[in-house]
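For clarity, chains are labelled A, B, C and D in written order, and residue numbers in each chain start from 1.
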Amino acid sequence: MTGAELSFAVFTALALGGALVALFETSVVRSAFAMFGTFLGVAGLYLTLGADFLAMTQVLIYAGGIMVLYLFGLMLTKPSPHERNLRRIGLAAALAGALAILLLVQLFTGEHAGMPAPENLPAPEPTAEAIGLAFLRADSWLFAFEFASVLLLATLVGAVYIARRRPEPRAEELS
Amino acid sequence: MGEHLLSVFVALPFVAALLIALIPRTSQAAHRFVAGTTTAAAFAFLIGLVFGGFDPSQGGLQFAESTSWIPRFQVNWALGMDGLALVLLLLSALIHFLAVIATKPRIDGSKGYYALLLLLFGGVNGVFLATDLFLFYVFWELMLIPMYFLIGIWGGEQRKRAATKFILYTLFGSVLMLVAVVAVYLRSGADGVLPTFDIFALQAQAAGWAIEGGTLFGLEWSTWIFALFFLAFAVKIPVVPFHTWLPDAHVQAPTPISVILAGVLLKLGAYGMLRIGFPLAPDAFAELAWLVATLGVINIVYGAWVALAQTDFKRLVAYSSVSHMGFFLLGIAGVAGLTQGAAHLDAGPRFNSIAGASLQLVTHGISAALMFLLVGVVYDRAHSRDLNRFGGLGRIMPKFFVVATVGFFSSLGLPLLAGFVPEALTLFGAWPSWPLHVGLTAFGLMLTAIYLLQAYRSVLLGPTPRDCKGYADLDRREMAVTLPLVVASVALGVAPFLVLDLLASCLQTILRTLPPEVLP
Amino acid sequence: MPTADFFPLLLAVPLLPLGAWLLQVLVGRSLPRGGDWLPTGAMLGAFGVAVLLYLRAQGLGDEAEHFVWSTGATGGGHGWKWFVSSEGLDAGLAAFRAGLWYDGLTAPLLAMVAGVSFLVHLFSTGYMRGNSRYTAYFAGLALFSFAMLAMLVSDNLLFVFMFWEVMGLCSFLLIGHDSLDRQKPRPRAAAAAVKAFLTTRVGDVALLLGLAILWNGFGTLQFHELAVAVPNLIEGQQGWPSWLETAGVLIFLGAVGKSAQFPLHVWLPDAMEGPTPVSAMIHAATMVAAGVYLVARAFPVLAPGVLAIIAVVGAFTAFFAATIALTQDDLKKVLAYSTISQLGYMISAVGLGSPDGALFHVFTHGLFKAGLFLGAGAVIHACHHEQNLSRLGGLRKRMPVTYASMLLCTAAIAGVPFLSGFYSKDAILAFAAEGWEAGAGMAATLPLVLLGLAAPLTALYMFRMFLLAFSGEPRSDHARDAKEVPLPMSLPLVLLGLGAVFGAMLWFAKPHPSEDAHHLATILASVSLVLGLGAALLYFQFRKRDAGRTAAALGPFARAARGLYGVDGFYHAVTVMPVRVVARLASSFDRRVVDGIVHGLGGFAVQLGLRLRRLQSGHIQRYLYLTYAGLLALTLFALWRVS
Amino acid sequence: MGLEAYLFVSLLLFLLGLIMAAARRSLIYVLIGLELILNAANLNLVAFQRFHPGAGLDGQIGAIFVIILAAAEAAIALAIVLNVYSRFGSIRPDDMHTLRD
């Protein structure tokens, strides 16, 4: 087993394991932390794909930002304890399974012409500078980048507005 | 202004509608005045064009203008007028003007009513003048909406149902038309040139499409185009079996709206057939002309027969519209039928046929409007349309008697009144192509006489029931509305060249859009 | 050749009554005497102009028989394009030209029609006095006269058709006149009016189709052009094409309707519901003469086969109606059936190849039938609307002027020698005889036999009517109180009585049958007259039989004739009822099936919507499942497309 | 490792997220499932870019945008969750169906 294979196996295990735990764990907090593991695993996989900047972003934003957001959300709401945490999993699994079979068949029988074998790939290069330039060059992604920042600003305002506590009528009074 | 004459003309009613929207709700007389003035001005303007400015000897477009509107899809704001458009515009302006007068001076929500009426007027003008297929479609849709509200708000007891039926039916047609419009547009760009919505450019190309059109689900491409356009317009004309919205809409609509519906809106479908339906798919039209002729005869005979059994005066008149519009179908079918033999005949019958079909639009517009006004007069007094309840109104209402006699016999096709000329032209023109159909039409003419005289007798002749005794004769407003139509009916019957002169060159131009192998 | 002022003069003949009509409709009610002098005066003017023209034509001497003054024939822009006036266009009916026409046949007819119309107007001023719709009545009469006169001066079949239809409207309004009476509306008049219009409409529609065929065959509808075009066509094709025969039959059908020939004769007797002067107008001057005029003018396009049909139908009608006339007890009904019978003679004459003879009879018949109807009107007026023969009688002394006029007219129609009717009927019989001599088979024999049988019957039923009304003793109080009518009514009677005597002299184009046939016809006519008159005198003058017992004496045949041979009932059963039933079926088909399908589709859409709205449950995760299902379907589709 | 391996991992991740979003009884879980799905998609993007020479960096940039959107989505979604909680007193999806027709 080469180093590359080893790292792939470790990160895959981390990602999928985290996902599985998140799915079946009854405690929301633990589930969230399992998700954290998944994020890290995916970040590692990015690294094996030579996407170093993206891996860092993943760790920072997902593992750092979004994760914290979730924890806040959890703390501000009361978990509904002691109930079966999965319902109709059969139907979901059936649909997912069917989809899986279809896609797997395609994955392993389809032709992937033009895709070089992994050993023929050029060595990955650092990407941070290239991405930075791509975002800032006017003929490239500048507009999308700026738009994203506007979106985030709007999100910020919107989220505050929505989450603001208001003396609202409760559901029973509505109906 | 000079080169945007038609734009100004089309915009006028919309501006007036806006003006009405600005007038306070309570000044009903002002609403009425604006609507009346606008329609009257439009009519006067068109009359002015007839006497100066419009050259009837020219078959093509006049006052044409075109401005790019949506450049990405080559959509233009393109307007133009030819004889057919002018004649129908005149009819439309007259009918709308009379509809304004025919409206009672005090109605609920007069602001919305008159504004919608003007929107309708503007939409109709736009349809008649648009020379861009897309623009045509836009105006076509635009005019449906005011009609929906006019029936749905100011109609009779079941107005909502009738209005919904009307709008669903016509939208069904519009959707088909949209498909055809897009298909034609895309097809026009298939040969490496820019696609276009220009109706006349499309007409010029259309003859070529027949040959290398390809098929879809086993039918020729051009057959599809023709079928789609035909169905779209068939709903409006209306062609049996797509006619059932018409009696319902008429019965529920208030009198002035019925007048517009019968006098103008039915003509739009026919106008579409003449301008778009068959010129854009001439070979398919030639192939399917037998079907058009057959549907025409079915319209005539079936409509008359159903009318015969009606006891509701307004329903009867509505079915008579169905019957009369059959002549239009027969007339345009007569244009294409000559390919089946009769080689010794020149273009004469063809011209007769199309002239009859287009003149039928005008004369039916006049006589149907008059008939609906008569129904309105009776309804205002009796609050009923049941034919069995009246009788002997001719004794107590002498003015009504004269007007009604003109209306009924004009509808019946009596010579020297408007209805006769187009019927004769159509029969003369369609005979060489469709002798059997024309023979059956004769039967329809008989039925027409029967149901009309039956209604005439039960309304005007015989003893007067007690509750009808107190009916007043036509008042001044009613005279003002009906007299122009009476005069128009007599004028067209005595001197059909008044209108046919305007139409003739234009119709010959339309005939020329048929591909050479269809023409002798 | 026509002089320069000929066209305005000719045009003035129809336009005068038209103007009178217009004024009458617009302002008539506010004029003194209801404006009756307006149309009457206009008719007098029209009559004067027609006489002027007649005299001018007469001045042509021997030419008078053959001359034609026509805008179309002389060309030179006098004809006008009617459908499309612009000169550049020549396609189809855009090339149609209408014009005026005046020839040796029109000249006396025009004068006769104008004159009779004038007399009817004059008579009506007395007869209709006090009617609640006096003005409207005169308006109708004026329009009626206009239409007939305009028809006579038209030079093409299309305009003939148009004015003929206008006459249909006028007869409709005038027959139905009494149904609108302010005091005593008569619903039966309305029914009769509708029946008249619809029955003639059958023929009219056929005629229109016939014209369509002619136009598409020849590209013209003008008399003189057709007269040239048809022989050319026949020569070129060696025979009559079948489409031309079809057209001929259709045109004849038009005449069958208008001239009340069997089997479309049923409307004319019912039309007696109209005021009596209107009947005079319809029967003598206008409406029914139009049919004969039409076939006479269309004669060149009628194929020999069609002519044979025409001759037989006409002759049969002449005989058939005569038998019915024999059994009628209503004064006006007798006259009505006598008109049908005489029209049969005329139509038959066209079929026998003599349109001139037909129009000759139209001319003389117009004079004496007008006299008869106005005389009947005078009788009815004098006897307080009593018109049943079995309650009249003995009017000879009480109404001498009417009596004298009626006697002359009756003698004329019966064919008493040297009166006008003798000449015209004699000519028709001569042509029948000629046809019989020339040809063989039923088509040649039947007209002579039927017309010959009808001749004595004519004398019989006419004198029966005359004697029952005027001789013997009065059989009711009304008849006993009868007084002679005032001058406006008696003057027309006198004039028409004179016309019945001398009318034949005014006709230019005397028919020229062969010598042998003429002798045969003269003998036949004389024998018929003697037989008919003798029988009538024997039966009604000397033995004083009244009307009711006549019928009994004639047995089952008479009963059938009295029941009009069941034609009306038959029509009711085979046309009116089925049309009604089918109409009701069509109507319910329209509501249930056509509209039903529409509503069914609508209902289906609504139901579908009601089902589908359950999917919108508000449960987010259910939506997710749907999304997944969609994803699955899309994946399947994508894979299917790839493979 | 070949492209298939990455795609396979991504597929599994996607399916787990899918099941989670559909089957768990709390809005928080649903959101976590969505995050997994987004991660799976990102993994695909990056892998395809890596194994597609000449693709430049577009795959990674796309993934960055997805991350940005995910952050925004998480913020808004959690705000909504809070709001829902204060209104319904629960964050179980089953308790919310006022959007029903």
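Brief remarks on what is shown
FYI, contacts are C-beta pairs under 8 Å (C-beta built on N, C-alpha and C of every residue); 3 or more make two chains touch, one makes a residue touch a chain.
Not measured: the values here are computed from a predicted model.
When every chain is reduced to the mean of its CA atoms, the largest separation from subunit C belongs to A.
Legend note: the chain whose CA centroid lies nearest the centroid of all displayed protein CA atoms is B. Taking the mean of the C-alpha atoms as each chain's centre, subunit B and subunit D sit 58 Å apart.
With each centre defined as the average position of its C-alpha atoms, the distance from subunit A to subunit D rounds to 6 Å.
Computed from the mean C-alpha positions, the centre of subunit A lies at a distance of 97 Å from the centre of subunit C.
Rounded to whole angstrom units, the spacing between the C-alpha centres of subunit A and subunit B is 63.
Chain contacts: subunit D has residues 18, 22-23, 98 touching two or more partner chains.
Looking at subunit C, residues 625, 628 sit in touch with two or more other chains.
Looking at subunit B, one finds that none of its residues touch two or more other chains.
All chain pairs that touch, listed by label, are A-C, A-D, B-C, C-D. Per the touch definition, subunit C reaches subunit A in the complex via residues 625, 628-629, 631-632, 635-636, 639, 642. The touching residues of subunit C, when paired with subunit D in their complex, are 613-614, 616-621, 624-625, 628.
For subunit D in complex with subunit A, the touching residues are 1-9, 11-13, 15-20, 22-26, 28-29, 31-32, 35-36, 39, 42-43, 46-47, 50-53, 57, 60-61, 63-65, 67-72, 74-76, 78-83, 85-92, 95, 98.
On subunit C, the positions that touch subunit B within their shared complex are 25, 81-86, 88-89, 91-95, 136, 158, 161-163, 165-166, 168-169, 173, 176, 179-182, 185, 187, 189-191, 193-194, 197-198, 201-202, 205-206, 208-209, 211-213, 215-216, 219, 579-580, 582-584, 586-588, 590, 594-595, 597-598, 602. Interface of subunit A with subunit D (complex): residues 4-5, 8, 12, 15-16, 19-20, 22-23, 28, 31-32, 35, 38-39, 42, 45-46, 48-51, 53-54, 57-58, 61-62, 65-66, 69-70, 72-74, 76-80, 83-89, 91-93, 95-97, 99-100, 103-104, 107-108, 112, 114-118, 121-122, 124, 127, 130-131, 134-135, 141, 144, 148, 151-152, 155-156, 158-160, 162-163, 165-166, 168, 170-171, 174-175.
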